[in-house]
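In the two complexes below, subunit A is the common chain; its partner is subunit B in one and subunit C in the other.
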Partner chain A sequence: MGWRLIRTYTILVYLFMFLPIAVVVLLSFNANQFGSFPMTGLSTRWFETLWQNEAIMRAFRTSITLGLMTAVVSTVLGVLASLALVRYAIPGRNLITTLLIAPILVPEVVLAVALLLFLNFLNIGKSFTLLLMGHVIFTLPFVILVVQARLVSIRRDVEEAAMSLGASPRQTFFSITLPLLMPAVAAGGLFAFTISFDDITGTLFWKPGGIETVPTQIFSMLRNSISPEINALGTVIIVLTVGLPLIGAAVARKLATKSAG
Partner chain B sequence: MSIEAREARQPWILLAPALTAIGLLLIVPLMFIIVYSFWLRSAAGADTPGFFFDNWIAALTDRFYRDILLNTLKIAAVTTVACAVLGYPAAYFIARSQGNKLILLVLLMLPFWISYIIRTMSWINILGVSGALNSALIWVGIINEPIQMLYNETTVILGLVHFLLPFMVLNIFVSLDGIDTNLEDAASSLGATRWQGFLQVTLPLSLPGLAAGGLLCFVLAAGTYITPVILGGPRDAMFANLVYEAIIRQLNWPLGSALSLLLLIVLGVLVLIYNRYLGMAQLAKGLG
Partner chain C sequence: MSAVSLTDIVKRFGDFTAVHKMSLDIAEGSFVTLLGPSGCGKTTTLRMIAGLLDPSEGEIAIKGKRVNDVPIHKRNLGLVFQNYALFPHKTVADNVAFGLNYRNVGKDDARKKVAAALDLVQLPDLGGRYPKELSGGQQQRIALARAIVIEPDVLLLDEPLSALDANLREDMRVELKRIQQRIGVTTVFVTHDQTEALAMSDQIIVMSKGRVEQVGAPEEVYNTPASEFVAQFLGASNLLSAQCTGVSDGEISVEVSGFPKLSIPRERAPKITSAGPVRLVIRAEKLHLRPAGSSVDNGLSVDATVENVDYQGQSARYFLRAGEHQMQAVNMIEDHPFATGEKVSLRLRNRDCAALPAVSES
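Let's look at the complex of A and B:
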């Protein structure tokens, strides 16, 4: 009896997770001018208004710039730290790992308040710089977790072979370790970008007036009411955030097979 | 410098940037707001440095703050239980299914990539006055006028469950997947029914995953700022909304510091209890 019941239950759980998202996509193509049910036909007009909405386009540019910068900084810091943690026997390894993972364990509101007030004390007010520093802090643990997991599986002897053939540690890193680590670097960077692109709580505390990221822009649009334009924006974001990682995964797999073969 | 000394310094050079960033942007700021929470906000708008307990007394004894803190913990608890009830059978199904495990897992991971605010607001399309459910009910003829189903505590919990369920399923899956299925077979060959085998073998072995998922759901739910604003009514504020009010609207930073620390302490105690009994390794497994 049980198995069929569990299967039906699981299907319902998946429906619960995906139905609301599907409705967003469906309604974004709604021709009805209030963007609600009943649907009167299919149309791409909401995507056109979206494209012409200067505020949304500006928010997109801000989010992408912020996300890219966050990804680069977080990935560099994360890869260096992971190398130290995996490749060297260092005293206090557990304490250091806990410290580096700490931003996940601190509620985002608390992290946001602490950073805002401290930097304000140092005369660094709400600014793009503050946003970037905040985003780096809470993306860093995820990059470290991803890169560490991969680094553990790269065998030490490959590096040792390179060094015994006369390569310096630096040469070994750039011509052996880094290429092998590339899928993890890409995954970590993508992870950091997506988390940054998606963040709203911290961003609301840190952003200066006049700067909006995509989530804060949606948030301020929701104050009025839900418009079909928001559904269209939602659809674009869903396509971007689901499509990008899938492409990323495909590229990573290709890189992995190339370096293996 | 000798080669050994250079070797020994190497990891610290690699760790320095990350540790500096965490230290300067997280640890020092947290210590700073501890100090700040004892300062006083004067009527003139300037902060008076000092050692006053006023903010802490307000945070701990003011009924308004206490009610919202208790309500926040209640919402987080209900959300966690709902996630466990919805998530456990699904995780079990994924772990024990033969062919399509990978597809189910990828599907489960997808919501992590889909914007939190989009997922939250998607419920307005479903439950709003002109949403899918109202339209359907009117079309069928059960109701004549749309009902307002949104903006109450239930929709806040619904939104949180929708957001946090994947965390729960993933954590339970990780621990279920690590259980040798031979154990269940052994139980049944010794005369246990499937249900008995599950209750006495599989369920206890999967508790670490359930606990890790539960901790994540609880901590994330208790710290939510956005969901109550989008899906809750004026009376459904959660603790993070109080912090935002104090810091951004009233600009009462010392009080805001005390309130954020109170939240950190309450949730920190939970994390410590968890760490004492189960350790952080399980949590890292589910996140990675």
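Let's look at the complex of A and C:
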């Protein structure tokens, strides 16, 4: 009896969460020119108009570029920071870790305004580079958390063995530590990419005039009308942000089982 | 020229001195064991030789060359850890070949050397496997192969057998010694296990609290402990307060209450130079239990009562009371062990006793 209630309740919660998403995906294939029910037929016309919409495609390219660059910068910085924090006795290690993780805890609006005010104070105008920096700030904690957790599990004596066999510290890093760290690096990079790709709050504050990312583009399109194109775009984004991490996780798991010690 | 020499080495961590001033010469080709309980400084010493720790003071030389400022990867050492430390993402063959990549060894040559090393550790067919597919014993053999394939100047073993289960540990002990003798590499072995130390070493360095307690061949360390610590750490010993009543050329006379008068050979009491209080050391396995009242054959006899028996199969450990002394004896069991409460006669021989100065000098 109790279990049946819980089961029903759970199903309802999931329906509440996922039904709207399913509706978006469903309606993106609607032939009707209004992005709502009833459906008049199946069609991929909204994907075609989406493809031909120069503004959206530009936003899409911007988002991809920004996401990739954020992922690369965040991952490199995150790995370096994790190495320093885990492998070396740095004074104030806990404080530094907390500061690096803090952007997750601070509300994004606060972070966004703070960075903007700081730029104003420094008399630096908005630019793509600064937008990138902003994204790096709030994706870095995820990379650090994932990479640190993995790094802790890589035994120091494996690295010591490599050095005793003649590998310099740098060679040891590239031939031993980094390959063993790879699943975490890949996961961190994927996190950074999807979070950056998804972000709207910070991006709205930081983006220079004339540059739109996919979320800000949708946002401005919604202000005028609800076009079915947005449904199609939503579907594409879902595929990207859900599908990519799933693939990534699968790859990471495969790497991990291959190299588990 | 010694393979490794430590001169006045000291290692401090903050206020804590892990290794007190220590000097040591390790002969080329010898198997030397650093033996002691955890925290005695043996691993710290090994890590300083390896270059994983810098000594706070003193000089380390390998093959006569000062290496204090030489980083680990340029010292040409083989290092084997307790937890094998194989590279989990590389095959066994790539693990073994790893060190050769940093030496001028051609591809064909490297392949031959790897095969020879795998042969030596008797795992010639596992080259293509990954470490996690191997058992603990196999992994440790591979770790050994990886360390010796580079023909190191010194092989450093940090408790390499401790992670293995008991039966395997004995096999590996024999195996390790065989390989070491075969290739003749100078070996420094760290362990807390006295059996391993006694079985494998040419020389044992017993350490306690960062200090060297005794350096000597296994038999020497076992038979003539230089301190109470050594006497108790290597095997079970009975330590009794005694009185030395005379020193002559060949032996010293020792009196213990309730014991017949003992005449201990001088070489078993090298530190006793004059009459006075001493500590008498008798190994538990050198005290032989006989039924009370059985005839005394040449040796010395002390009456005692069995207070407790720790039955161990082929042998038994007896906790005994002899007058004011509580003692332990470990004897092989012939038919049945003696029972708790049984009166027995303890037999001992003069030459199985050793004497130490009463106040341990440290």
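In the analysis below, the second predicted complex is superposed on the first by the 256 of 261 C-alpha atoms of A that agree within 3 Å, B and C clash if a C-alpha of one lies under 4 Å from a C-alpha of the other, contacts with A are read in each partner's own complex, and residues count from 1 in each chain.
Here is the rule we use: contacts are C-beta pairs under 8 Å (C-beta built on N, C-alpha and C of every residue); 3 or more make two chains touch, one makes a residue touch a chain.
None of these values were measured; they are calculated from a predicted model.
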When subunit B and subunit C are modelled together on subunit A, clash or fit: fit
First (subunit B), second (subunit C), both or neither touched by A:S168: second
Partner chain in contact with A:A232 - subunit B first, subunit C second, else both or neither: neither
Partner chain(s) touched by A:D157 [first = subunit B, second = subunit C, both, neither]: second
First, second, both or neither for A:F16, with subunit B first and subunit C second: first
Vertex subunit A angle, Cα centres of subunit C and subunit B, expressed to the nearest 10 degrees: 100
Touched partner set for A:I176, first subunit B, second subunit C, both or neither: second
Touching partner for A:A187 - first (subunit B), second (subunit C), both, neither: neither
Per-residue touch tally on subunit A - higher for subunit B or for subunit C: B
Minimum distance between Cα atoms of subunit B and subunit C in the superposition (Å): 7
Contact residues of subunit A, present in both the subunit B and the subunit C interface: 169
Contact footprint of subunit C on subunit A as seen in their complex: 155, 157-158, 160-169, 171-172, 175-176, 179-180, 258-261
Complex interface listing, subunit A residues touching subunit B: 2, 6-7, 9-10, 13-14, 16-21, 23-24, 27, 34, 36-38, 76-78, 80-81, 83-85, 87-88, 90, 96, 98-111, 113-119, 121, 133-134, 136-137, 140, 142, 144-146, 148-149, 169, 194, 197-198, 200-201, 204-205, 214-215, 218-219, 222, 226, 230-231, 234, 237-238, 241-242, 245
Sites on subunit C touched by subunit A in the complex: 50, 52, 71-79, 81, 83, 85-89, 98-99, 101-103, 130-132, 143, 146-147, 150, 156
Contacting residues of subunit B [partner subunit A, same complex]: 10-12, 14-15, 17-19, 21-22, 25-30, 32-33, 36, 86-87, 89-90, 92-94, 104, 107, 110-111, 113-119, 121-126, 128, 130-132, 135-136, 139, 162, 165-166, 169, 194-195, 219, 222-223, 225-226, 229-230, 240, 243-244, 247-248, 253, 256-257, 260-261, 263-264, 267, 271, 280, 284, 287-288
